[in-house]
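In the two complexes below, chain A is the common chain; its partner is chain B in one and chain C in the other.
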Partner chain A sequence: MKKEEIREKLLDILRSASDDESVVDVCTDDSVLQTDLGLSSVNMLYTVIAIEETFNIRFEDVTVSSFRTFGDVVSYVEKKLS
Partner chain B sequence: MKNEKKKNEKKRSPLRWLPFDFVRITAAPGLLWFRPKIIYENENAKKKIRGGALLISNHIGLFDPMYLMMAIWYRRHRFICKKELTEHRLGFWLRLFRCIPIDKDDMSLAALRRVTDALKDGELVSMFPEGQVSTQSESPAGFKSGMVLMSIQGGVPIIPAYIKPRKHFYSRLVVALGEPFDVTARYGARPKFSQLDEAAALLYEKDLLLAQLASRERN
Partner chain C sequence: MKWTPGECVKGDIVRVRLGSVYHYGVFVSEDEVIQFGYPPLPEFADKNADPRVCAVDADTFCCGKMIERGIPVRSDKSVRRTPDEAVALARSRIGEGGYNVIHNNCEHFARECVLGAKRSEQEEELRRRWHRHGLLDVYVMPVPDGAEPGHVDDPEREAYIYAAADPSVRLCRYLVWELLGKALRRSSGIDISALRFSRALNGKWSADGAPEFSLSHCRGAVCVSVSDTPSGVDIENNDAFDRFGDKSVAAARMLCHGEHADGRDGLLAVWTKKESIFKMTAGTVFEPKSIKLKRYETSSFRLPGLPDLTVSVAGRTSALRCYVCGADGIRGVTPQKM
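Coming up: the complex of A and B.
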């Protein structure tokens, strides 16, 4: 799967869970999950679970601090799929 | 794969509850003497808890786990504790009693999976969603929304409980139990982020209601 496709799917996941889609629309790889996207630690774990189900992958022992930016998540999923 | 199988066998060992049951049986006379007065929110709350469930309560002191064990005496409990507690000598005992450690500042997916696996196995997991001991007043501090995520992933209801602070050490303990709260029935299997917080706020309000009910009881 191409990086662009992964990015789009991840944005869809965030859109479906987020109340303010405008925040997701301006999301870039450099967007910080906690400050720019406003994700709490629980929201981040919730998103990780949704990613696992969507891509049919299993995250290894990740913690809330494992990902800082949206790009970190895209790279992790890309690595898992390759 | 083999390691995982061994791990699962160990987890399902019939002896896994031995320390818990030993303490429960040997402490039974004492527990009978100090048994709490239980009050219920309504008829639904009176039903015995069967299968997997997440029991949440306010946190007023170190003996709260014991109080919850006395209130729901017919079930074995697995308590969620903060990770720091398992890093000392106490850690041996907490592991023996099958507590699940969680890092409050940097929660891991592995810890969440341990909780949800226990819930899916039909176990009763008990926790204090305030994340701290609040001794200042009878009202609990705000609840964190991690419990809501655990409940969704485990596919179990949340049972709110309230432990009324005692005026004197000899006063009888009062524990109020609320009716089960099913998060997925209310918000669906995939709620929005705001709904996770909303569910946590509703459960907090429920605990305040239980606090009011408990305050009417003399202890």
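Coming up: the complex of A and C.
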């Protein structure tokens, strides 16, 4: 799967996880998940689970602080799928 | 497991609510609660860089919040360890790592020690929430400048497209199927050329093996919905009523009688919602008066960069996601609800 496809699917997930969808429209790879996108702890968990279900992957060795930015998540998923 | 505030006793599974999540542990005494990782709070960020099973006092565990103790329900009672066994097991795991926020977290640990089964209700609930989320994707594509209808492999669809006398309608009919092809691939991973479509007498298209879908077009734009439960979509130009003068506005108002509609935007929203319901329910004759909005889930919205269009969709709107298709590909956008 191309990086751009991964990014689009992740943005879909963030839209469903975020309390304020409009912040996702200005999301970049440098956007910080908890501050820029306002993801609460439970929304972070939901995001991780949604990513597992969407991409059929299993997150290994992840803590709530494993992913700081949106770009970190894109890279992680890309690596798992490659 | 039921949860209640109260005096904890040795061997209890305990939890505290920290923001939107719970932190779990095994209660031994006021001086000893065994947990997997520290509470997920900024002040413990350093300790949680490499979370381990550890023992802390009850004050550290609860972070000033009320502790709840788990009361076993009938199904738990048969599998629950004795307090001594639960505490011995929890203590034996102090120092253990391998934390995983989804698959091996504080709740998995506490439940495994006390109830013998490694599971997390938080994880299960979030997974259920994701599966409940469902699919309702709406795609909109402005008609590109200079576009012309092309050849369609499916004779029935091609006949339908070229049956339109008005060239602009013919083009929209062609493009809406082009858009559906992109939408099916993106939302469901389905190749439209592998499907065989047929059109019912009421005009609704369907295909074996395809998800639910709905088609719509207006002057200068086409729109489709793809969903896992029945859906209907309708797109209109904002000046749809104006073009026909005040009489059409009055007629629309009369047909939408009984629905709250503020101004022409409100009227357009009501009208398109009724059209979308009509499509979802596969009606045969559109009778706006007989469609009661409150009986259905609907949403009306505009999309960034397309302020002259109003879109309404009926279906499981909690799952709504929107996309705009242009020369640079398909991008997800946030709908501006009306």
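Here is the rule we go by: the second predicted complex is superposed on the first by the 81 of 82 C-alpha atoms of A that agree within 3 Å, B and C clash if a C-alpha of one lies under 4 Å from a C-alpha of the other, contacts with A are read in each partner's own complex, and residues count from 1 in each chain.
Everything below uses one rule, namely that a residue touches a chain if its C-beta (ideal position, glycine included) is under 8 Å from a C-beta of that chain, and two chains touch if they have at least 3 such contacts.
Note that this is a predicted model, so its numbers are computed, not measured.
**Q** Given the superposition on chain A, are chain B and chain C in a clash or a fit?
**A** Clash.
**Q** Touch check for A:S75: first (chain B), second (chain C), both, or neither?
**A** neither
**Q** In the overlay, answer first, second, both or neither for which of chain B and chain C A:S31 touches.
**A** After superposition on chain A, A:S31 lies in contact with neither partner.
**Q** Does the superposition put A:S16 against chain B (first), chain C (second), both, or neither?
**A** both
**Q** Of the two partner chains, chain B (first) and chain C (second), which one does A:V48 touch, if any: first, second, both, or neither?
**A** both
**Q** Compare chain B and chain C by how many residues of chain A each one touches, and report the one with more.
**A** C
**Q** Considering only the touch criterion stated at the top, classify A:E8 as touching first (chain B), second (chain C), both, or neither.
**A** In the superposed model, A:E8 contacts chain C only, not chain B.
**Q** If the two structures are placed on top of each other, which part of chain C overlaps chain B: 129-137, 147-155, 183-191 or 309-317?
**A** 129-137
**Q** Touching chain B and also chain C: which chain A residues?
**A** Comparing the two interfaces on chain A, one with chain B and one with chain C, the shared residues are 16, 40-43, 45-46, 48-50, 59, 61-65.
**Q** In the complex, go through chain C and note every residue touching chain A.
**A** Contacts found on chain C: 18-21, 37, 40, 45, 48-49, 51, 99-103, 122-123, 126-127, 129-131, 133, 304, 319, 321, 329-334.
**Q** Chain C touches which residues of chain A in the complex?
**A** Touching chain C: residues 4, 8, 11-12, 15-16, 21-22, 24-25, 40-43, 45-46, 48-50, 52-53, 58-66 of chain A.
**Q** How about chain A: which of its residues touch chain B in the complex?
**A** Per the stated touch rule, the residues are 16-19, 39-43, 45-46, 48-50, 59, 61-65.
**Q** Chain A touches which residues of chain B in the complex?
**A** Residues of chain B touching chain A: 103, 106-110, 112, 144-146, 148-149, 153, 190, 192-194, 196.
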